[in-house]
Amino acid sequence: MVATRRLVIDVLKPYEPPTLAFTQQVAEADSVAGVNATLIELDKKVQNLKLTIEGEAIDYDAVEAIVEDLGGTIHSVDQVACGEYIVEDAPTPQD
Amino acid sequence: MVATRRLVIDVLKPYEPPTLAFTQQVAEADSVAGVNATLIELDKKVQNLKLTIEGEAIDYDAVEAIVEDLGGTIHSVDQVACGEYIVEDAPTPQD
Amino acid sequence: MVATRRLVIDVLKPYEPPTLAFTQQVAEADSVAGVNATLIELDKKVQNLKLTIEGEAIDYDAVEAIVEDLGGTIHSVDQVACGEYIVEDAPTPQD
Amino acid sequence: MVATRRLVIDVLKPYEPPTLAFTQQVAEADSVAGVNATLIELDKKVQNLKLTIEGEAIDYDAVEAIVEDLGGTIHSVDQVACGEYIVEDAPTPQD
Amino acid sequence: MVATRRLVIDVLKPYEPPTLAFTQQVAEADSVAGVNATLIELDKKVQNLKLTIEGEAIDYDAVEAIVEDLGGTIHSVDQVACGEYIVEDAPTPQD
Amino acid sequence: MVATRRLVIDVLKPYEPPTLAFTQQVAEADSVAGVNATLIELDKKVQNLKLTIEGEAIDYDAVEAIVEDLGGTIHSVDQVACGEYIVEDAPTPQD
Amino acid sequence: MVATRRLVIDVLKPYEPPTLAFTQQVAEADSVAGVNATLIELDKKVQNLKLTIEGEAIDYDAVEAIVEDLGGTIHSVDQVACGEYIVEDAPTPQD
């Protein structure tokens, strides 16, 4: 199957574990080279994070399992890049 | 014929298959080197994705067949780059 | 004569042939190295495309003939770069 | 454990020690290669700083201990990058 | 005398000769390496072009003579760069 | 102690000495490699400058002494970068 | 003394000599490597130019003498960069 090289997901998570521990756990998945977790919003009970995940062949199921194992949910998949290299989103007047 | 090197298409798709599986299938076309799928909008029944596709000689019909096979439709072709290399859209005051 | 290295034209075309076939035909002109076609607007009967054309010595008449042959018209020439290399439009406070 | 390579934290601190001494102390943590401290807001009694911290394997607890030792508090963790290299936040229409 | 390496001029011209022929003629001046002509506005009788001209030692009088010979007028000189290399306009809060 | 490599300060100064002489004096501090002084505002009696100072190990006290010696005051320290290299402020949605 | 490597000045000048001749004269100062003159505003009697001047060790007095000799006045010094290299203005939230 074609390799997934970048995955941007919108995640809701409880306050525990905190962002750093949460991100480290996702980054520990075998198929993941690195993770950027950016805080989007703080609610009373949940945090909304945007995760940008890169790897040579990201295993989505493993990522999702870790997120859910830590009490989080993937609210939406906002960007996916698959193939021989990361294709960037080309700007158009429709954006 | 002159090679198509980039194709930006606006796609409507049902929720199944999910974005990642959908994108991987498009990326599996022989003529495609990589695909970036960016989520534009979520509706009750459909998702609106913007696909940026790159390759040495993209076969549009093959891409369209895969999209339709997966229950999606190409709503519009927003950008095409054909030739010896990818020419970028030059900014002008008319933009 | 001095070489034309970039040409940005605003084109109106009928729905047939579609954008990809239209762009490929323009890119097939001998003097053209590559073409970027970006969709600006969709009307009931016509499409408005912005074409950015690059080449070592673009033959405008050949480009125009192909556009008109395909049922399109060049509405305006929005940018031209002529000379030994492509000079970019320098930003000024008058922009 | 996977290395933390960038940490962006929102910090509230008293006027003493001043920003420079405060930043130097954070930068002195063994696991920290460099710190950028940008002033966000000045209040009567506190300063709000945004710290961007980089290192090969940042020790969050050590950073937090230094901040609190100096009378400051980490108000929120705004960005974390973990893994083999720093993954940047990919822009999406949801931003 | 110190060499003029870039010249940005605001030009008004009749519809004939068209932009491409007009630009090529300016680019044919001995002292000019390349010209970018960007359309600013279309009036009933005149076109307003912004010309960005580059060269090792641009001869302004020759450029002006060609513009006027073709029925155009230089409405204003919007940018000039003179010296050993092209100095770019440095952004300041006064912009 | 960890080296301070960049310092951005907001300075109020009288009209004399003028900006250039003022900036040169700050740049003459042993620990300073270069200074950028950008005019922010002109008042009747004072000028407001933003100084961006770079060096391998900037001596803040020496900089402050020079500024005050010339009749100026440091109104606020807006950015500090300390460590092995200059860490840039990472953009976040909180900005 | 520490070298001045960039100078941005706001200049008012009469219509004669025109911008190009004016800029060339400033660029002819021994200490000046290059000048960018950007038109800011046209008044009935004066032109407002922004000059960005670069050199290894710009002699401000020589520049000012040339400007005044040509009937112009330096309205304000908007940016100065002194030292071993050109330090750029670092962006901060206070901008």
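Just so it is clear, A, B, C, D, E, F and G label the chains in written order, and each chain counts residues from 1 on its own.
Heads up, the rule we're going with is that contacts are C-beta pairs under 8 Å (C-beta built on N, C-alpha and C of every residue); 3 or more make two chains touch, one makes a residue touch a chain.
Since this is a predicted model, take the numbers as computed values, not measurements.
Student: Expressed in steps between touching chains, what is the minimal separation of chain E and chain G?
Tutor: 1
Student: In this assembly, which chains make contact with chain D and also with chain F?
Tutor: Both-contact set = A, G.
Student: Quick one: chain A and chain E, Cα centre-to-centre, how many Å?
Tutor: Averaging C-alpha atoms per chain gives centres 50 Å apart.
Student: So how far apart, in whole Å, are chain B and chain D when each is placed at the average of its C-alpha atoms?
Tutor: Distance between chain centres: 40 Å.
Student: Give me the residue numbers in chain B that touch at least two other chains, ranges are fine.
Tutor: 38-39, 76, 78-79, 89, 92-94
Student: Take each protein chain as a node, join two nodes whenever their chains touch, and name the resulting shape: line, ring, star, complete or other.
Tutor: Graph shape, chains as nodes and touching pairs as edges: none of the named types, so other.
Student: Among all the chains shown, which pairs meet the touch rule set out at the top?
Tutor: Going through each pair of chains, those in contact are A-B, A-C, A-D, A-F, B-C, B-D, B-E, C-E, C-G, D-F, D-G, E-F, E-G, F-G.
Student: Inside the complex, what are the residues of chain B that reach chain A?
Tutor: 6, 8, 10, 18-20, 23-24, 26-28, 32-39, 42, 50, 52-54, 76, 78-79, 89, 95
Student: For chain F, which residues are in contact with chain E within the complex?
Tutor: Going through chain F, the ones touching chain E are 38-40.
Student: Using the touch rule from the top, collect the residues of chain G that touch chain F in their complex.
Tutor: Against chain F, the touching part of chain G is residues 1-2, 4-5, 7, 60, 76-94.
Student: So in the complex, the part of chain D that touches chain B is made up of which residues?
Tutor: The contact residues of chain D facing chain B are 92-94.
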